[in-house]
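What follows is a set of notes on a single structure, which appears directly below.
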Amino acid sequence: MELTTIKLVTIISEAILEERILHDLQQLGARGYSVGEVRGEGTRGVHASEWEGKSLRIETLVAPEVADKILQHLAAAYFPHFAVIAYTTDVQVVRGEKFRGQR
Amino acid sequence: MELTTIKLVTIISEAILEERILHDLQQLGARGYSVGEVRGEGTRGVHASEWEGKSLRIETLVAPEVADKILQHLAAAYFPHFAVIAYTTDVQVVRGEKFRGQR
Amino acid sequence: MELTTIKLVTIISEAILEERILHDLQQLGARGYSVGEVRGEGTRGVHASEWEGKSLRIETLVAPEVADKILQHLAAAYFPHFAVIAYTTDVQVVRGEKFRGQR
């Protein structure tokens, strides 16, 4: 079976940003997502424990170039002002083409 | 400390398939799993937003050959008819042998 | 955009151990975490299905040397007595320095 390596982008965010981030993901080329609830204590810059409480774990599978765009956008638009963490992971899927956006 | 690389298989599925998929995983050699609830909007083939609502995030740690069998089975049994997404990730564990099935 | 590879440590644990494990993570150098609820059926050693029920999925992003310490500690302190599973994954982040502990 032939597998394709694509990118899983995981975003841990304050719940209040859900709508904005999901809109951003779609604009940047993501074609699907899942959202789960987590509790968390995080860090922003050098300050630990700046927020505590209900957060969201947003995941989307995208092509590598879309993952780059998403990380770049999140870093510019949210990291300076909000408790948002984002990371990408290499994952293998059976059919890679369905995760490729059209933008 | 010696680490072993094994496979994490993650399945995002409509909630209604839980019992069938967990049964399949066990039959194919998985020896444990976890299930979390997520909300999602997905894509099946070229159609975006085909399903929206409560989904499950099923995870299992397995040997590489079991991961292959699981992906192959899911692709054949579910991808054509259901909103199921599956991917594998390389992960490192302390004791790899406990995740090896007997089939 | 320059990305840094760090380690995601994922711990699946009985809910009763939450406070102890979060304390351990902080002591070992983790600077943030998220906790989500999962249901699971697991394996401990050769016995399948030893526990079933509410579990936690604890995640933390840390430097590789902290990830090693965490796995080593969990293996020694919990694996012999509790239904705890832990694994690490390589992930890419925009700013790696904020996940480095000071211990």
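Letters are used for the chains, namely A, B and C, taken in the order the chains are written, and counting of residues starts over at 1 for each.
The rule is simple: a residue touches a chain if its C-beta (ideal position, glycine included) is under 8 Å from a C-beta of that chain, and two chains touch if they have at least 3 such contacts.
The structure presented is a predicted model; accordingly, all values stated were derived computationally and were not measured.
Student: Mind checking chain A against chain C and telling me if their interface is mostly the same residue numbers on each side, over half, or mostly different?
Tutor: Copies use mostly different positions to touch.
Student: Rotating chain A so that its CA atoms sit on those of chain B: what angle is that, to a multiple of 5 degrees?
Tutor: 120
Student: Based only on mean CA positions, could you tell me how far chain A sits from chain C in angstrom?
Tutor: Those two chain centres are 20 Å apart.
Student: Taking each residue of chain C in turn, which ones touch at least two of the other chains?
Tutor: Chain C, residues with two or more chain partners: 36, 89-90.
Student: For the complex, give me every residue of chain A touching chain B.
Tutor: These residues of chain A touch chain B: 1, 3, 6, 8, 31-36, 59, 61, 89-95, 98-99.
Student: With touch defined as at the start, can you tell me which chain A residues reach chain C in the complex?
Tutor: Its residues touching chain C are 10, 12, 36-46, 48, 55, 57, 68, 71-72, 74-75, 79, 85-90.
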